[in-house]
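Next up: some structures, all given as structure tokens.
Both complexes shown next keep chain A, but they swap its partner, so chain B is in the first and chain C is in the second.
Moving on, here comes the complex of A and B:
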């Protein structure tokens, strides 16, 4: 009886604790900012019925959601756990291939294909993570980079048609939803769920352990942490979320091919978005992805070639790493918070 | 049939081995002295090749004076190497991950610039050929320029070995790579030594490009990554800080690759996997390499 009483009490405490936490969070600066952004994003598709707006401007936000998940997943392995991973396109592209092949060859419904693709990507993350147990620092980064080249080359030089689909890749995939607004909301909710999970991982004990491995691997091993297990977990988490982003990306474009889904540019995008927002701060990827998608949108609207756009971004990446290695989010938030405090008269 | 295949394997492997040795020595030097994993090292090679092409198509003056344009390209590439150290890497020496990221970004930047100017198609660049003659030895037709490339490459490596072992600068480079703090206490400016190693490394990469590329094709702006991967595999195979190790490993690696190319069906796909296999197997089995002295940390 006593045990039951205690557990009831603790549950009650926990519930009210969460409530308290939520209320203080909403009143706090970052909480109110988040709520503000969420409200704007959830009403955004209804601002205009204009066709160009719905079918051209709204999909930019769809990209933003996909890229934000993707960049944050890179941040888990590299920023949080310190396992430099330059082969992010492996998980992104192969998840798209797995899901696409299932849909085209077996006629599996999209949502089941998404689930299987994510599981497949997680398994690939496990496989890639195994050498990471032994290989460190620059070597790991090179192994992942080369692995992505090899997979790209094997897929691009294979024969068209199953099982590897050749240079053309898989095309004719169904859209997530023919209506761009519904697609927008599916991805919006996915983004919220993914970020809640990733932020809570980052704040939980697991996140602390991963950070300790990043900062001092020998030290954390000496204090009884099974570094092998947690490094594998970091890789699998990273693969899980980038696999989700990858299959969404494939379904959005309705095609999966080596050049578009597996090239080094994809890994580069993840790195630039995470670095723009600040490496190691999961939520920075949101700012980075937003900045990337809309600067790209503007530059393409001006009439620049896609290659020139990438040159601009590589220069931005050079400048950000060189002069603002904390990323853009943290200084931006500091300034905003000062302003907020001034406004509230604190 | 088998003998001529074997001879072809040796021919292709030696030609690539001499080039890879030159590129890998520079990479190994920078990594050994400053602990900098310079991902842009392959890009120096690629850029030097494309600069040769550009300077050649730019004006008639340079296509007449071949030696002058080669010197100009080598000076520019050494200057870019120095600049990439001074501007990008030196300020970030405290943060390892940022250092890697910035060299990656720089390599990507160079690749995109070249892609914007010259496109992704392979371009033939014949004008700088060292020699046009083709000889047939044992049923395999060999170009004299490739034989010259092997010989000049090996001579350059030997000169570099003399330089690093005998000259004063070479001795200070070795001192810094063995113990940075002690070298600094002995009055060696380790930052400046690292700058010199960057200049030497990019110069060697540019020189390798001059030896390898004329007569062959420029294989598109992303070819630098292949050389980077091969250099990394060579450094791991041969052991860090060992010049002999790097040269021997460069030849072993390229013989393995040309063996795959000649003897294994569909070899042109599998050659790309050889360096990867070498890296992973060596790191798992013997992380300090064949000739390496101390354990990698």
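Moving on, here comes the complex of A and C:
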């Protein structure tokens, strides 16, 4: 009887707690900032009817959405759970391959292919997580890196016919939607959903357990936590979101190939973006991905070569690690918050 | 009462070194026992073997009738044995509340905190060790005495029946030792069986009604502190230079 009362009460508390949380969040600085960005992003595609704007500028945001999901997924296994993973391209690329092969070879509708690709990526995450049960730190980094090389070589040297098409990769994939504005909104909504899920994981008790493994694995085990299980969960979650980003990426480019979807550059892209934003923060990946996509856009527009752009990013990453190891997000938020307080006269 | 922990012919070898040699003892439910021995006697290895951090070379450990030798550490915690470490360990980027909450989120901790939830349970533990007003800070800002308290708080989050305390007094001032002593006494009075090591003998001997002494991995004595302290072999193991003890 008493237990029942308590549970009813706690549910009520939880509901009103969520409402309270939402209202205070919206009024808070980061809440207002988020709402502001969401509004801007919702109206952005309608600012101009210009062809170049719609078919060239808007797709940059599509990239930003994909990369933000991708970088944040890396942050789950590495930033939260502390499992050094340099093979993020495995999930990203293989999900693209699974989805692409299903669409081209079996004529599966895109949406079903996306779902199967994500499930497949999650399973691959489980398999990659198994070595992580015994291997730690730099060694795990090497294992995941080498694993991604092996998969890249296997796919690149595979038979040049169906289903994998060797080095050329799978091409002729349908766009998510032929209209760039609709594609923009599909990815925008995916981004919002993914971030709500990832942020709630990070704030949940699961997030606490993952962080405890990162900070002190033996201590976590000594606290009665099945660290093996949670490391696998971290890898599977990481692969799930990474796979979603990967299949979206393939469908956006309408092709999946070893060099573009499985190379080491792809893995480093995730790491650079997450590190720029702040490792272990999840939402930092948003800032990192935005920064990356638009700085690249500007640099390429100026007329710099792609290799030069990569050198610029490497230097920026070094500077960030040296002078702002928390990433760009935290200091950026602090500055903006000060400005906000001044503007509101607080 | 009844036997809670039964260690039989336990042996652990690291290469050519025998850290624990054919060691046997029993602990009854509700006891308060000390494990003493000079540095390097094998006290920590015994704890590592009981808590599953090391696998025994031979011999067996039974807890509450269940064979736990060679089981994974987290399974042993969930059976009801929690431990602290000689060197303090904490989740350095988590708040104190979350530090304690991790063990409340173990299977056994969850069962114990079912009615009030893990967060409230973790706060009640922090309150009982006197760290509640620091619940939201990370452990890196704590003084050493508070870190020692946090170790115990983390261990009792999983609601243990048997608590292994490895050198809970090491590096503490006298005042801090008193605080920890009171805490351990309180836990024992709440029904937790306590098994602790220490090489600062005066505090340990004053606290426990029974001690087990070991030297170079071997069992040498078992009994009330006054008896063990005057045991010839124990004196030889510790002193050897004629300096009086206790």
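By definition in this document, the second predicted complex is superposed on the first by the 331 of 346 C-alpha atoms of A that agree within 3 Å, B and C clash if a C-alpha of one lies under 4 Å from a C-alpha of the other, contacts with A are read in each partner's own complex, and residues count from 1 in each chain.
One rule holds in what follows: a residue touches a chain if its C-beta (ideal position, glycine included) is under 8 Å from a C-beta of that chain, and two chains touch if they have at least 3 such contacts.
What you see is a predicted model, and the numbers here were worked out from it, not measured in a lab.
In the superposition on chain A, contact is made by A:209 with chain C only, not with chain B. Look at A:147: by the touch rule set out above, it reaches chain B but stays clear of chain C.
When the two structures are aligned on the shared chain, A:315 is found in touch with chain B, with no touch to chain C.
Put simply, more of the residues of chain A are touched by B, taking chain B and chain C as the two choices. The touching residues of chain A, counted against chain B in their complex, run 78, 82, 84, 86, 131, 134-135, 137-139, 141-143, 145-147, 149-150, 153-154, 157, 264, 268, 271-272, 275, 279, 305, 307-308, 310-311, 314-315, 317-318, 321-322, 325. Interface residues of chain A, counted against chain C in their complex, comprise 3, 6, 10, 205, 208-209, 211-212, 214-216, 218-227, 280. Interface residues of chain B facing chain A in the complex, by the touch rule stated above, are 31, 37, 87-88, 91-92, 95-98, 100-102, 104-106, 108-109, 112-113, 115-116, 222, 225, 228-229, 232, 236, 269, 272-273, 275-276, 279-280, 283-284. Contacts from chain C toward chain A in the complex involve residues 51, 53, 72-74, 77-78, 82-83, 85, 89-94, 98-99, 101-103, 105-109, 115, 117-118, 154, 157-158.
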